[in-house]
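We call the chains A, B, C and D, going by the order they appear; numbering starts again at 1 in every chain.
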Amino acid sequence: MTEHVATNETILVVGGGISGMTAALEAAETGKNVVLVEKNPALGGRTSQLYRYFPKLCHPTCGLEINLRRLKGNPRVRLLTLAEVTGIEGDTGNYTATIKIHPRYVNENCTACGECERAVEMMVDDPFNYNLSQHKAAYLPNAMAYPQRYVLDPAIIGTADADRAKTACKYGAVDLDMQEETIQVKAGAVVWATGWQPYDAAKIQPYGYGRFKNVITSVEFERLADLQGPTGGRILRPSDGKEAKNIAFIQCAGSRDENHLRHCSRICCMASLKQTHYVREKYPEDGKSTIYYIDIRAIDRFEDFYQKVQADPSVSFIKSKVAKITEDEHGNPVCHGVDTEGYKRYTTPHDLVVLAVGMEPSVKGINIPGHIVADSSGFIEADPANGAVFGAGCASNALDVNRAVQSATAAALRAIQVVNKVAKAEA
Amino acid sequence: MADIKVAAYICKGCGLGERLDTDALVKVAQKDGKVPLAKSHDFLCNAEGVAMIRNDIANEGVTHIMIGACSRRAKTEAFYFPENAVARANLREGVIWIRPDTDEARETTQEMAEDYIRMGCAEVKAMTAPGGNPVTGSSKTLLVVGGGVTGMTTAIEASKTGYPVVLVEKTGALGGWASKLYKRVPVHEPYKSPADTGVGELVSQVLGDSNIKVYLNATIAKTDGAPGRFIVDIATESGATHTEDIGAIVQASGFTLYDMNKLPELGGGKSPNVVDQAGLEALAIAAAAGDGVIRRPSDGQPVKSVVFVQCAGQRDPTGTHLAYCSGYCCNTSIKQAMYFKDANPAVDTTIIYTDLRTPGNGEDFYRSAQEKGVNFTKGKVVEVVPNGATSTVKFHDLILGDTSAAMADVDLVVLATGQVPNSGVNIEVPAAPAEAGTVEVKPISILNLTYRQGPDVPQLKQGFTDSHFICFPYETRRTGIYTAGPVRRPMDIAQAREDATGAALKAIQALENAELGRAAHPRSGDLSFPKVRLEGCTQCKRCTVECPFGAIDEDEKRFPVVNESRCRRCGTCMGACPVRVISFENYSINTVGAQIKAVDIPDEFAEKPRILILACENDAYPALDMAGMNRIEYSAYVRTIPIRCLGSLNTIWITDALNAGYDGVMLMGCKSGDEYQCHFVKGSELGRTRLSKIDDTLKTLNLESERVRDLEVAITDIKRLPEMINKYAAELVAVGPSPFKGF
Amino acid sequence: MAKHEYAFYPGCSSQKGASASNYLTSVEAMCKTLDVKLTEIPDWNCCGASIGYAEAGELPRHVMNARNFALSEQHLPGQEIVATCAACWLGARETRERLSHSDTLMADTREALKEAGLIINEMPNIRHMVEVLIEDLGFDEMKKYVVRPLEGVKIAGYVGCQTNRPFGVDGESFENPQYLDKMVEMVGAESIPEYEQKVTCCGGALAFSEPEKAQAQIKDIVESAYDHGAEMIVTPCPLCQANVEIYQGHVNKKYGTKFNIPVMYYSQLMVVAYGGDAKAAGLNGQVIKARRLEEIAAKPVKR
Amino acid sequence: MSANTAVAEKYRNNFLKEIEEQVEMGDWVKMCMQCGVCSGSCPTNFQSAWEHPPQELFMMIRAGKREEVLTSSSMWNCTSCYNCIVRCPRKLPITHIMHGIAEYAHRLGMAPKMQPTRFFSGLFWKNCTNTGRVNELKLSMGLYFKDGFVQGIKNGMAMQAVALGLVKAKRLNVMELFSGHKCKDQKGIQAMLKKAYEIERSRKAAKMAG
């Protein structure tokens, strides 16, 4: 929060999701200075877009609140939002990162009073809801947003809306002349916690994502269930807004597939088991879930969560990779395939199909400076060749939240080891 | 106490100026709040407004600050005065944003704001800025219990970070389970073949590190003290005891394989040719030492066919065996099957599984095994029948639907039995009295803590010492003591090493903060800590029993002894204390009590009921805030006070409120029970236990039970809370005004 | 000298008097307009098709195709091989892939070819005619020659299997390829992109051996086109064309339907759109007559 | 001793190995993870159930169910639509494996004798390799008469309309029966194929010996 000067004893954390925040806070609470870089206008990352966590069915924003409070009270963390690391020069203990900061068009005077939002008319897609809904072009990213500061969508710059926003703000917080800037930050070590992105479901052609409105992804489903989501927590299907009560969950949508992602994304089985709970929660009488799977991977203590769901009569399990999805005249997605346990053919219509899409590391495609060693799936491997750039969370492996936080904590220590050496040398 | 100067600042921004009579608020602060200095400002959180406050601190000698503006969760950068006592009166999210902007609402809205100003002034006056603990321990040494991969990794990583380590291993050698492995599952590309365990490398690193002191054949005889100042007695084989000063502890006591003798139906203990995964590793090591051929234990004949039985005694819903999945066994069996295939492709290896669980790149390892000709069969093994040197494995083939499938003449059967944590004594289960004639097997304590609440770290229902938090896996209930590796969750070597590294950081962080007197998670950095006015104490032991973190011991006279560096500042002790002698500098019976009393209670004819809300600051209060941000209206009759945790709820607050003429009290705390969401683990549960007795109080006051309402709240209840509040307000109207008004 | 030149592999069904002779007719006319020169591979032989598997075995199948490669290399050096038949194209391409990935297979093949006094040095590219049209010419080029747009004709693009899987046309999806729809638009007719049976299998060779199985699939294919209001079906595959066209009678008998939908080749549509007459378009080759096209083909060309 | 008993002897209790060595693409069978996408993708499977769909055949092979697999009519249901191939998450060339197993069963003489597709498949190959090019008329006639003369006439009548239609459309030439299309270098083709079979046989034998 304060603008301490970054030195070789500073730790640069890239990514403000739960892994990045954890790494930053654990390091800061151990007395290290940290620069935390987030590409979105607010912290929180993907977990903040989830309705509930497995297996406790508690709410991610609960932990986010604590982490934000830790951050607000800690002067050692310097936060840069709307910022992207575009390059890292140097070597272990002595890096210089180039960071591109996109204009927010709103400065620190913002009180989040919301006048600008009321003033503007233009609507833009809301990425926090995976574009299932729209919000004003002057917006607070979400209710938990930190920094608690509005953002102007670049689309309204130069329009009358922009001026409306500016005049609406009594506090001179709207600054339409803000420009993209590039800064350089020194750091002794880097924690790379850029997380994951859902695999592009449209690439899984037989499932018709993009062709059939009522075939959606698991991350989108989280938004439908979320009380703060586009439907206020009601599970309504996209095509006609009808209540979706008979829902199919398709496992390994992209994962464990050499045509898509080679690896198993680990979380999808648990995510779908969790999501059957949403169906039951919203439609206690007539909600119905069907899980199509190859192997249910409810690993370690999660097993009892699996057993609970198995005991639920409203959930059925079919050991089968769905071959293809078609759409019937009512707009219902129809799953075609064979239940491999005893060879039973099925052609089953559902109200909604949820694809449990796999995890693709966000580092994939991004050229991490210094040619970071990554595995065949693009996850950063622990390798001396990476110098003092340490992968954390889902940038390093397909992990659930708990393991991601462990990984981030470990990465923080590795970074601390480097900056401690630097400190010793400089002392 | 030191002379204080309180200043009240009232903001007119964000519509406060338009919606409220801020001049009146200033007067209220002066008259009722009795503050010498009260000002209003058009835009308090901007540079100029903050400068004004700083200036008053510097030049007017202001020590205590009451800010009447937005929520304490907002504008934290601007209103950051770590040196001062600060109270925030939430006029924005708490008043104007939850009230309609109408003329009829104006009066009640103003009353609401004025009360919050009164409350803020009263609170801040009752506070002092925490001075921190003058007596803190400063040991920088880590104690690591357990010399397996996890323990060794912790030691090495801590040492690398510059901290001395004492490592205690109960056996005569380092290495633990991993040292009994022939090879390990690969952790780097390509994930195709078993890799060296690397244990030798770790052992020599530990032994070669002058910063790591190793005790072999040693156990922990006694652990006394607190983070930063643990005093640990280490008992060695020779009977000698060594005492070490320790800053923080990592418990890496590992696991024991589930006993296959409990699985006779699977041939466990029935034949030397039925082994568990450890048994197979031993055979593989023996083979590697010899001609490389894995041989049948019974007669030393080369193994030509081997069957791996997955989930042996695991994933058992009946409760007879392990209910959980150990996670690593699928990869391990794949690895062990490769031992055979890599040596001789002609050996038949079959893995019988129900769900194959190879997450992440394990999928490559699985594919590689198939390429090598390992046969995978989806089925449930019903029985393993040893007959002579071979066995018959009877199973239900789930794909071919064959309930009586069988594999005959199997030379070797490997049972994947899974991990049982070595977590020591389960302190929450009272040791059952030994039945006559039976020999009582007492679990051996790992840490032998001298804590009032027992010798070991609390356990979860399956015996693991995991934290039950998803976002905060390291937050155990014993500050400065972290568990790592399979003792807290079944895991493989790769995860254990990651876990160990994370635990090392937490331990280092704990001892560093202990020295500075700073609290650990979740109130990280909090310098306040509970102080006990012993002269008032009745030695009732509530505090020592209830503290969720075992922070409070008892001295020989049964007086509580607070170990502040074990304390998490939840205030449960304060809530528990019947004589109210426990308090924090910035949070006490009084800081809350004073606010309750500061509220102006209209008489019963005004028909303006008053409802007190005591809301958990972690979940309920943010939810109310967000209701405000969403402009969701709720009753103008509520007055909300954030509390650290429902566990810090002292029933005196309720009695005071009711005596003062409040018509009702609403308590908002997090979910308790097995799936608790309380950030202090047991806080909300203990608070509720206390509440369960409130009915007696109500009876003695002869008040209706409706006057007190407990609400389980999640941070997402943004729409629900206003509904509940309004519902409750309506109910109270039906119940009628409190008889205590106007006294 | 023509804009594009290729070694041509017509395949058995496209020969005179064979089941797809009208395909050949229209392709010849189409290529004339587009200035594409096809030189038939001298003495080419059957690809073996996928159905030959029971007797064929692996090597003999590949050797059959390799012979065509060798002949092409010998007589039309440097030219890519173009097939109009899906099965020919697929069979040849499969052989190409396998030989290029297995030295043993390649060696064995060479050894066998010797017996016929032939040799392969390098692997030729195997193209399907639609690939040539889309990739080498492009829709804009093809559109240029449209002088008689097939206005108001609604046509279902039936891609089928073997031009689509496992290789398919570059950039197209297996489940919802769109090039036929684009071609239909290109000739000025009305496409049906949402035609969901466009990649359903017509039953292939089972149409002969197990008609009832194949005909069940053919019914789905025709029915869906009918439901979408298609006046005709267009396809790039001779076997698809034959199966879907000639068994409609059987389907009607079996299912009590009244289907009578002409099944055309893309090349026939193009020839008509390019101003060719019914004969050039091989319309006389339709078992189910394409009246609408005949009418259009009879109209004078507006220039 | 018959070809069948010979291999059966050689690969006792290891049908998987037999398939791997004797069947085209057979070494892929072990890579199946039983997801079932192939079974669900097969068009004929939904018109009329296969006795055993591909993924089940693979499991049966691993379970050593030799007799059931090789005598099954399942593989002969394949229409070569390649749906399974493009969808298989393990990239198994399922279509070719199906053909391979069928061909092997046929080679061992274990395939169901009158399985129509088996018959037609053989017929087609003979037809096209005979002259180097397919003679569609002979091909169809051959098929109709597979169950004897009378049945042949019946089948012929059933197909009469179709045939006439084709003849009218000049897409079926009655003269084919007598002459028909053919390659010039038929001798070369025959020699070439003879050699190919020779090599293939010796390779398979070598595997069996080795």
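Methods note: a contact is a pair of C-beta atoms (placed from the backbone, for glycine too) under 8 Å apart; a residue touches a chain by one contact, two chains touch by 3 or more.
Everything quoted here is computed from the prediction, not taken from an experiment.
S.K.: Between B-D and C-D, which chain pair is linked by more C-beta pairs in contact?
M.R.: More C-beta contacts join the chains of C-D.
S.K.: Centre to centre, by mean C-alpha position, how many angstrom separate chain B and chain D?
M.R.: Here chain B and chain D have centroids separated by 64 Å.
S.K.: Roughly how many whole angstrom separate the Cα centroids of chain A and chain B?
M.R.: Centre-to-centre distance between chain A and chain B: 24 Å.
S.K.: For chain B versus chain C, what separation do you get between their C-alpha means, in angstrom?
M.R.: Chain centres of chain B and chain C, defined by C-alpha means, are spaced 67 Å apart.
S.K.: I need the residues of chain D touching at least two other chains; which ones are they?
M.R.: 33-34, 55-56, 83, 86, 90
S.K.: Using the touch rule from the top of the page, what residues of chain B touch 2 or more other chains?
M.R.: 356, 399, in rising order.
S.K.: Going by the touch rule set out above, which residues of chain C reach two or more other chains?
M.R.: In chain C, residues 174 touch at least two other chains, as defined above.
S.K.: Using the touch rule from the top of the page, what pairs of chains touch, sorted by label?
M.R.: All chain pairs meeting the touch criterion are A-B, A-C, A-D, B-D, C-D.
S.K.: Which chain D residues qualify as touching chain A in the complex?
M.R.: Residues of chain D touching chain A: 33-41, 45-46, 49, 52-53, 55-56, 83, 86-87, 89-91.
S.K.: Residues of chain B touching chain D in their complex?
M.R.: Contact set of chain B toward chain D: 348, 356, 366-367, 370-371, 373, 375-378, 397, 399-400, 405.
S.K.: Could you pull out which chain D residues touch chain C in their complex?
M.R.: Touch list, chain D to chain C: 24, 43-44, 47-48, 77, 79-83, 85-86, 95, 99-100, 102-103, 106-107, 111, 116-122, 124-126, 128-129, 132-134, 136, 139-140, 143, 161-162, 165-166, 168-173, 175-176, 181, 183-185, 188-189, 191-197, 199-200, 203.
S.K.: Can you list the residues on chain B that touch chain A in the complex?
M.R.: Within the complex, chain B touches chain A at residues 13-15, 43, 45-46, 70, 73-77, 80, 157, 160-162, 187-191, 315, 317, 323-327, 353, 355-364, 398-399, 401, 460, 462, 464, 466, 468-474, 489-491, 495, 498-499, 501-502, 504-506, 508-509, 512-513, 521-522, 524-525, 618-619, 622, 626, 629-630, 670-671, 675, 677, 679, 714-716, 718-719.
S.K.: Okay, in this complex, where on chain A does chain B touch?
M.R.: These residues of chain A touch chain B: 1, 18, 25-26, 29-31, 53, 56-67, 69-70, 72-74, 108-109, 111-113, 140, 143-144, 148, 170-171, 226-228, 232, 256, 262-266, 295-304, 307, 319, 340-343, 375-377, 379, 381-383, 397-398, 401-403, 405-407, 409-410, 412-414, 416-417, 420, 424.
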